[in-house]
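The following pair of complexes shares a single chain, subunit A, combined with subunit B in the former and subunit C in the latter.
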Partner chain A sequence: MFRLLLTTALVALPLVAAAQEITVGAANVAPYLDPGRDHSNVGSQFYYNTFDTLIDRDHGKRELEWVPALATSWKLVEPKVMEFKLREGVKFHNGADMTADDVVFSLNRMMQATFPPYVVRAKDRLGNFLRAEKVDDLTVRVVAEREEPLWETLMSLQQVMIVPEAYIKGLTGKADVAEDSDYEAFALAPVGTGPYKVAAFQPGEKLVWERFDDFWGETAPLERATVVQIAETASRVTALKTGEADIITNVAPDQLSLIDSDPNLKTEGSATALFHVMIMNQNHPKLRDPRIRQALSLAIDRDALNEALWLGKAIVPSTHTMAEMGALHQPDLVTFAYDPERARKLLEEAGYDGFEITFDTAATYYTNGLLAAQAIMEMWNAVGINGRVNVQDQWSGNDPEMMVRNWSNPMYFADPFGSFGVMWAPGGPSESEGRFNTDADYAKKWDRFRFSTDVADRNAAYVELMEEIKQDPPLLPLYRPFESWGMKQSVNWAPMPGHIPYVLDFRAGSISFAGN
Partner chain B sequence: MASLVDALPRLRRRSGRRKGQGADIIQTIALVCAVLLAGGALLAPWLTPFDPLDQSLLARLRPPIGFDRYAAGHLAGTDELGRDVLSRSLHGLRLTLALAFAGAVIGLLIGGLLGLIAGQRRGWVEDGIMSLVDMQIAIPFTLVALLVLALMGSSLTVLVLVLGIAGWEQYARIVRGEVRRIAAQPYLEAAHTAGAGPFYIAWRHVLPNLVSPLVVQFTLSLSNIVILESTLSFLGLGVQPPQPSLGSMVGLGRDYMPTAPWIVLTPAALIVVLTFTVQILGDWLRDRADVRLRER
Partner chain C sequence: MTPYLLRHVLKAVVTLWAIVTVTFVATRLSGNPIDTFLGEGLTAEGRQALIDYFQLDRSLWHQYLAYLRGVLSGEFGLSFVDRRPVTTVVAERLWPSGQLLLSSVALTVAVSLPLGVLAAVYRRSWIGSAVMVVAFTGYAVPSFVLAIVMVLTFSYWLNWLPVVGNGTWLHFIMPTIAMSGVLIAALTRFTRNAMLDVLGQDFIRTARAKGLRETQVVLKHGLGNASITVISVLGLQIAGLAAAGSVVVESIFSWPGVGQMLVNAAILRDYPVLQFGVIAVAVAVVAINILTDIAYALADPRIRLARA
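Let's look at the complex of A and B:
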């Protein structure tokens, strides 16, 4: 009888523990963790559990609904100045209290950035903000250069998550100065105010979260969550099947049946708020003629790619727009289409002589990336384009020799500025890499789109921008990939519609277990 | 190869070791396989019902004949882009074999030449060449190949060169050994005394003695090169898509192993049969043609 009891206890023990602890098998674990400098699809998985912003949103809804986070209220006190009332009694994971100084430090490290990785991120999305100022211990003001139509949106970005000033400054060198080396050290030992503290972090290998008991909000549902990098898809699926992992990320559509057919497992997925795009180098000597690039785009049957590679579950856009953008979603605008006849005609007009056009892709970085590239070659071939897939893992987007390659345009925040606007702004990442040109006219349209306080005017300006893109195309958005996570039947978790892509949200209300 | 075919009937029938029917049956099977593989590879463009690069996206991942959802005509099923697995395997076999032959020939030329020089010149030249041989043996060549391909980028030319360099040291050792052995033979001295020049001696007396060990080594190294090519292509550094080679088919298909194993099975089976065949034939040739074994 005693033995029976003992055995029962031993069997039951791991079950109890499993409810509190989970292991995630991720395709990638980030090389560093600093929400300020990062905007990668890998990093975005990790920040929301560890850090908070001043303003948060209800992530269960696709519609924008702002909720207080580290700021309990906010209002415009002048047309260009917003005032934030801070939450009392917030603690960082290292035990320090969060103060107005920490908030000012966190914001100014981006808005007045000197550390090069911050400069880049601040420029492409926080360029309109001059500084943050402390008013009193619980009040902070942020000053913009021009009237800002997207205050809440931009104050809820991952890049302006709040970090501890004294801790960061004390990491290396002088304890009262924020040196670049402090930021480098912080990226390997991050401390925030979120519901989980980072208990262990091995870059590119493993991350361990532990529940933070002094969290200001609702207590985290998990005692501990371990994220382990398992790069190979087949290995991840195996880890899930053997019980080594409770959740796995990045399950390709072709693998879904394998998991769904197992009665103990299930998958959750959504068409991620991100476009896989094809970019074309406007400045490549052989691709200068816009008609060639138009043909490259018109030759691609994106619906066929969706049907064949994504089981029809991806979303093929008519223009660079997403439903998440609310009033700025423009589903009726048609910028990109499939028209092989016209592609043939344009090639003929442009005098295309059959020269080879290379399409660069990494072997595994984008789900179905290599497959799509090969399928696109076949579609090009059908209209007489001599294409070749060039598999290489290096990023070639800044190489003048690059002709065509794949890339992604994530939605960094729910606004066209957060997707198209970041990537294709005048002087933005695409132009500074030398494959996209803008002129004064484009810049004027972009400015109206970015800063007009009238939504109708912003939409009208965006239509004009899309027309420029159509006439002299630097990109084709292929689709919003259908990304899936595999998990045990007992785990209740799914990607939430209000998040940016790939966020592993384990906060209260986001994850639970069946039968508990 | 012609000289080998002529030479075979004249070789004394082996007696003694490994006597019996078992070995003969294996050799017969290997010979049949060799003929089938060579035929399949040579005639691939005429044998295969589909272009190996033709996709049909709506008939992806269909299983081979006899299973549910079989797509008519695709006997061995279709792959992740709806291409015919059988056609790709045969074309892959063709490319793999062509690469292996080219690589083996390059290895033979480089190794043979260096071995000849080492055997004739002696002194520091020989020391230098033989220490290169030792280095080549000491370094795991797959790593070197990966490094070269990663640095130079993968093209068929680079790949063939890498495969050629993979096995040269074996030829160099054999040739050097043979040259030294033959140089000590009395008939060479006789020829020399009779006034024969070095080229005449090399052509008339040395080369014929080298043919059979080199042919044996060529055959044996062929299977190693097939494996190396498959390894490199499996790792994505060899033959680039959409061009099929046996290794790249296995490499790209490995994600589909649980759901569509046929993508990997056909090319993997071909790799196994191919290396098995070549190895058996190589052993058989060595047993029959190697002078030293024969004398025992």
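Let's look at the complex of A and C:
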């Protein structure tokens, strides 16, 4: 009888089917799919299978290596103008040909954005680009305001993936005008040029990809991939055990052994390219003295946090860069360190009188976030700081009363500008929320760091910025959390070092099956 | 009958207004949706632009009045997160929840009526005691514990039953049991007590005296009259089940219903979805209560006449 039950289940479920179909059990399925307006960890999982950029990179390598995608070549024709030759014969999933007009439309919807969600996303990273122009049917130019050291990097962002102009404009209202409602509708019925088309999408619940036979590049290895949201961690692990899912996302560190001990299953993981950070309010009346904040930072033994919370698999940084940033990674620079003795001394010098310092954290938003906060209270306590964890779901980073809290600084793209540079820019998120101050001197250094075309000069400017951060600290990067995926032994898949965090890359060469 | 119904409808309207208001206030106390669905790295200026776009900067009174107006005209707004009409979002999840509710009620009735009758008839033998022990134990086990124990046993270890979604009839087994566990326990006890009450009445002695077979006495005269109590209890319990049980059970089994949607909407602070979802559940609960009252009145002429 039970054998019968099982057999029926196996036959009835599309989940355990031929090897060319897989089911992914994801902690979250995105509520909408528009690469332009999104930069969330949830959304990032889904864009690379569906959309292409003009320039791509070899994601198998950590080193930056640009490869042609929808553009076959590109070159600077003037110091501030890049010309792209477009690939011929590229089709969108709706059967339309990709034209220079589509490319210009896609880029300008960000570079000259009017739809508020685009405006917000474009400003921090695409602010240097004025416009895209069509030269002829296969040539497009992009004009920058200032000389741009990061052309390839910024032209390969998720936000400038290419989308179909006529399709979007025709979704609602007038067929020749791009209304806000067109973009809203597009986010529920996305069409791109990538190897998989979105065959079905139920926001926050389910996404079905089907192989796109007219894809311009190497044919997709999967006939169909279904992503279902399984919010409960225990249910995800169980779904993997029962065979209902072939891959599951977001396996918590304490669940790894459950999966690894099953001979039919395995885990893959990597230290995610994002920092969990602790932020400190420079403008809180009680924290104005930088020595207090220095002490708050120096008191924290991040290696101990790594061992205890991440089984030593996280990466504790000495400064705000990552190996992915290539020539701009500066592992020898020590901006952040553990020195409880010095912390005690600084507190004494600053005349710290034992007032309470609150550390805000949501209960579950960051993996291990609450545990880390509690451990930090103990470390603070050891040097004489009276800390208290304040658990609340509300974001307090813009609250003048906020003293200390957790946050994250993702690597939006593989350059220090894509992480530190965005979050701690003059007028950026931190300063505009009133908890970080910059002056003309900082702005000048930041400008060199962002725009200098000489890598050595950019690195030198970064060092100067870090010295300011060290002297008057607004943050401490805790670690790069270790993120894991569980899967069947027969599935060959792992996060690729060349991607931003969380990308589910099922393109040719990225996934295969044992025995195939 | 009409004034009786009218009074109930009026009561229902007031209840719904209270629910709309409480939901409105509670969602807004819990945090700002901008923080939860736009991700990190927003400048204050960008944040303001989005607050304007999503019209989150209106005063609470303004939002509340606009919302009430919307509710009255059947316009419940768009989800903040996916920007679809919330009615669409909720509508596509009603049927899965309804299916689960129906299967749970069916299972409950199918199990607890016979058990309750059995416990009443054999109240002095070990059969009756055994039924009551099981019923009390069942009442003490919350649905999420039952669900997790079943998942561990039948999926994780034995690998017999699927845990994700509502694809096949096999998917119904564990969620249905988890949803009905407490209800079966409760209803079995109520059925037993109601049966005991009825079986002690004079007309039962009359029925026996006129030579009816015992099964006919118990089932027709006994259960027939006990059903009045049972219906009202069932109605109340189903209402509670629809509201609370589904949230927990649907989350555990990734059931694409209203309960799971409410959890997601709460996490993302998707006010419009959360509000309309709660209202939809509330309407369902109120409707079930009205139906129970009507069924009650139909089953027992005394009630209908007394209240009219």
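Details
Here, the second predicted complex is superposed on the first by the 498 of 516 C-alpha atoms of A that agree within 3 Å, B and C clash if a C-alpha of one lies under 4 Å from a C-alpha of the other, contacts with A are read in each partner's own complex, and residues count from 1 in each chain.
By our rule, a residue touches a chain if its C-beta (ideal position, glycine included) is under 8 Å from a C-beta of that chain, and two chains touch if they have at least 3 such contacts.
Please read all numbers here as calculations on a predicted model, not as lab measurements.
Contact with subunit B, but none with subunit C, is seen for A:252 once the two complexes are overlaid on the shared chain. Shared-chain residue A:391: touches subunit B; no touch with subunit C. Within the superposed three-chain model, A:41 lies in touch with subunit C and out of touch with subunit B [touch as defined at top].
In the superposed model, A:187 lies in contact with subunit C only, and not with subunit B.
Contact with subunit B, but none with subunit C, is seen for A:370 once the two complexes are overlaid on the shared chain. In the superposition on chain A, A:234 contacts both subunit B and subunit C. When subunit B and subunit C are set side by side, the one touching more residues of subunit A is C.
When both complexes are overlaid on chain A, the residue A:307 reaches subunit B alone and has no touch with subunit C.
Judged by the touch definition given at the top, the superposed model places A:378 against subunit B, while subunit C stays out of reach. Across the two superposed structures, the residue set of subunit A contacted by subunit B and also by subunit C is 232, 234, 237.
Residues 30-32, 35-47, 49-50, 52-53, 79, 81-84, 89, 92, 148, 151-152, 155-156, 158-165, 167-168, 170, 251-254, 256, 260-261, 263-264, 268 of subunit C are the ones that touch subunit A when the two sit in their complex. Those residues of subunit B whose C-beta lies close enough to touch subunit A in the complex are 53-55, 57-58, 60-61, 80-82, 153, 236, 240-242, 252, 254-260. Taken together, the subunit A residues at the contact with subunit B in this complex read 232-234, 237, 252, 254-255, 257-258, 304-305, 307-309, 363, 370-371, 374-375, 377-378, 389-392.
Against subunit C, the residues of subunit A that register as touching in their complex are 2, 5-6, 8-9, 12-15, 25, 31-32, 38-41, 116-117, 119-120, 123-124, 184, 187-188, 202-206, 228-232, 234-235, 237-239, 241-245, 393-395, 398, 407-410, 412, 422-423, 427-429, 432-434.
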